[in-house]
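Shared between the two complexes below is chain A, which pairs with chain B and chain C, respectively.
And then the complex of A and B:
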């Protein structure tokens, strides 16, 4: 019992249930299945990248470029295929390579220079923002990509990244299923493999992790590339859902991923947290954002409600954690 | 065929140049005493563009075309933060440009910098934002849309089409004066309308939030969006939620134009950003070279121009050129 209560995500779980009950009670439209599907979709677009960000934070690093690299991946895929009239899947693969390269550069620079990842990825964040805009303008002559929905392979890519899936009782976006898969993989990696121990050790105390033979640079570069992979995945969803991408999007989302991880129990200092927690954090964020709309509250106060709900979620989280620690 | 045409063309050009050279008088004549006509002007354009937005790209395209047409050197700079934009205007004054075209989204912050330019003898033209404040800070002319009037036009058209309906007006940046002004205008002629705030930097969340609103209130018959990309996200949300709501939007892009032609989007109110950029630079040029003043002492309106299925035909091609 004490061991279960001591898990990082327990506080977030209690908070998520409390917020769910709250909106269930006050907002009648919230009780319908389509509403739950919308909330899950909303959570999944945050949660997919948040899984990677949570693992990275457990490994003791930040990635501020995650929000913008989502757009970089989508732009790369769209422009390469459209300009050369290629099959959509070529763009999907090439943009994956581009995204992984971004992740590798982030990780390599952090490990090589010893500069805090906060600063390295802040630089990448700015560089990518400029590249997104500058390259798109150079290639297409405008600041958005052309519509790619007529290209070969669009249909199959759309089916994988952006389709609706009928589960019998409700129709959900396919991103929800992918998100669950990524959470399961993340949890397995963290709790059941040697790599998971390495991640926690690297984030807890890098020097002693090194001393006992943990390949810290490999682990951390891998984590950055993991975030980049998930950012690429969301980028593909964006492209195949909207057929075109505007180059200025994505700014600010990096913080939402970090918030989801922290609300889900990850420590800002590293060494502690969970993949399931990041998913619960994403659910809390998605549920609150859409719940306020379902409740029909005065939209002028939207951000205030959001802030209060998040604060309450974190307080419940803290309370549960202290309670668990007290019982030990 | 093509290469023959080109070599023929260059032959003609060379011949013309030779004739021109030979015909030139080394002194005297109208050309020799020319005043401003030979001078090349430098004009600074300062906007509150958030980088990477197709709407602003059109303003800039218009400005660049005007600069090309009139042989002007255009210096474009932008910053969405009002304080930083004021600094950019100040920079233009310090670098002694010949004219300044600026937007005034937050007149109190950017106006004083524009006023300093006027005091330094640099003509200032306002465009896109600041219709009610531009005169106060000494700007000579204004080119832009009237947000309130545009909103009212949308409201009137919606009420005509679906009387007794319910409208939701989607604002992608809470607290932005121009966007709030548009929805306030809609509310004047369509009192049923209510505002919904979304995060315009995150399209999936825009789609999700509009979807949530449509699920929450099944009686919504019309969705008004304030940007072309937001309109396309709204269209997805309407389809997903099984709602019958029609979409009206501000601004155009190639996809929205296509959707208007196909009937997927009801209509668009265009404020013609290309014209705003083109006219702001051209007006400065006319003022510098010919002392002109456009607008008869009032603002020149570039919108609202309604685009719907009845007139979309030729416009589709212009949106692909990124000029409409």
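And then the complex of A and C:
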């Protein structure tokens, strides 16, 4: 019992159930299956990257560039494919390489310089934001990429990244299934593998981890690249779902990923948290964005709600940490 | 408990055999010389105590032996081979394990995860092989029990243990993984009298099992209880280097307290 209560995601689970009951009670449209599917889709677009961000935070680092690198990946794929008249999959692969390179640079700079990742990735954030707008303008002359839906390979890419899947009782976006897979893989990685042990140790006490032979730089660079991979994945979804990408999007989402992770029990100081927690954080996000609409409220209140949730989550986490660290 | 340690200690350890030897070792951080011309021998079955005030160079000395920072002068020989460690992993692979005062364990991780951190047991050798969690729990529990460390639940975060217990888990871990040389960095500094006693008993047990122990402390009383050889550092230099038979506790205490400087100070402050 005590151990169950000690799990990082318990607070988020309680909050998610409470918020679900709340909207279920006050917003009748919220009770339908299509509405649930919409909530899950909305959650998945946050949750996919949040899994990586949660692991990164457990590893003791931040990534503020996660929001815009989603768009960078999508832009790269769209423009490379369109300008050189290639198969869509070439763009998909090249953009993956670009995304992983961004992740590697983030991680390498953090480990090499010892400068907090907050500052390094804040720089990457601005650099990418500028590049997204500037390069898109240079290449296309507008603020968006051309429509890619007529290109070779679009169909298969759309099927993988952005199709609708009929589960029998409801139709959901394929991202929901991918998201579940990433949460399962993330959880397994964290709790059942050596790598997971090293991630927790690197975030919990870097010097101690290093002293017992944990390759901390490799672990952390890997985590940054994991976030970059998931950002790329979401970027591909956006591209194939909407056929075109606006170059100015993504700004601010990095905080949503962090909030989802923290609401899910990740400590800002590292060493504690869970992938399932980040998923619950994302579900809370999805239920609230959609629930406010279904309830017929002014969506402007959403950000206020998010702020209150974050504060409450941090308070719960503080309590949990003190409980876990126990008597000294 | 001595038997348990002996069981895991490497079989080829002969009492008195030289394990680690430092000759004129020094280390400079930019313009600051943290350590200069230090000679040190660690023999199997002996405790070499390194004493010194804050800033005397004790930490630098450990960091060199344990592979955190390489030395910039002199030579470091392990088992007769000259080495230049560039990572803690290399030192560990040579059988040198270090237990740090404050960074021995990761507080929020479970006891068993801490015990196996960096040397996890896996059910396979491929990159993502799953951990053998059951096996690790059992071994950690058994080893700690055998060494008389009573942990309520092997799954509790190690931060919930007392400071002395955490040190003992860290020492037990080092011994279990076949350390030949054990470096203890101020193991008793943050502990009460009783807890210190427990840690000192482990230190003696490790020595009796044939391990070479480097005991770093600023408490001459603790050092004299277990030490065979004493070295005092001051401002990065060696000011005393004597065998147990050549020195008394009073001399050690006086030297640690400041020796000549203290005598002058007491003369000045005479009332």
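Here is the rule we use: the second predicted complex is superposed on the first by the 297 of 328 C-alpha atoms of A that agree within 3 Å, B and C clash if a C-alpha of one lies under 4 Å from a C-alpha of the other, contacts with A are read in each partner's own complex, and residues count from 1 in each chain.
Assume contacts are C-beta pairs under 8 Å (C-beta built on N, C-alpha and C of every residue); 3 or more make two chains touch, one makes a residue touch a chain.
Here the structure is a predicted model, which means the values were calculated and not measured.
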Could you look at A:31 and tell me whether it touches chain B, chain C, both or neither (first, second, both, neither)? neither
Touched partner set for A:209, first chain B, second chain C, both or neither: second
In the superposed arrangement, does A:289 touch chain B (first), chain C (second), both or neither? first
Once the structures are superposed on A, label A:112 by its partner contacts, choosing first (chain B), second (chain C), both or neither. neither
Of chain B and chain C, the chain that contacts the larger number of chain A residues: B
By the touch definition at the top of the document, which applies to A:253: first (chain B), second (chain C), both, or neither? first
Where on chain A do chain B and chain C both make contact? none
Parts of chain C lying in touch with chain A, wherever the complex brings them together: 66, 68, 87-89, 92, 98, 100, 103-109, 113, 116-120, 122, 128-131, 133, 155-157, 159-160, 162-163
Which residues of chain A touch chain B once you look at their complex with the stated criterion? 27, 29, 32, 34-35, 38-39, 41-42, 45, 129, 132-133, 136-137, 141-144, 147, 164, 237-238, 241-244, 246-253, 286, 289-290, 293-294, 296, 299-300, 302-303
Under the definition above, what is the set of chain B residues touching chain A in their complex? 50-54, 56-57, 174, 194-197, 199, 201-205, 207-209, 211-213, 215-217, 229, 232-233, 236, 240-242, 253-255, 322
Can you list the chain A residues touching chain C in their complex? 3, 188-189, 192-195, 197-198, 200-201, 204-205, 207-215, 271-272, 321, 324-328
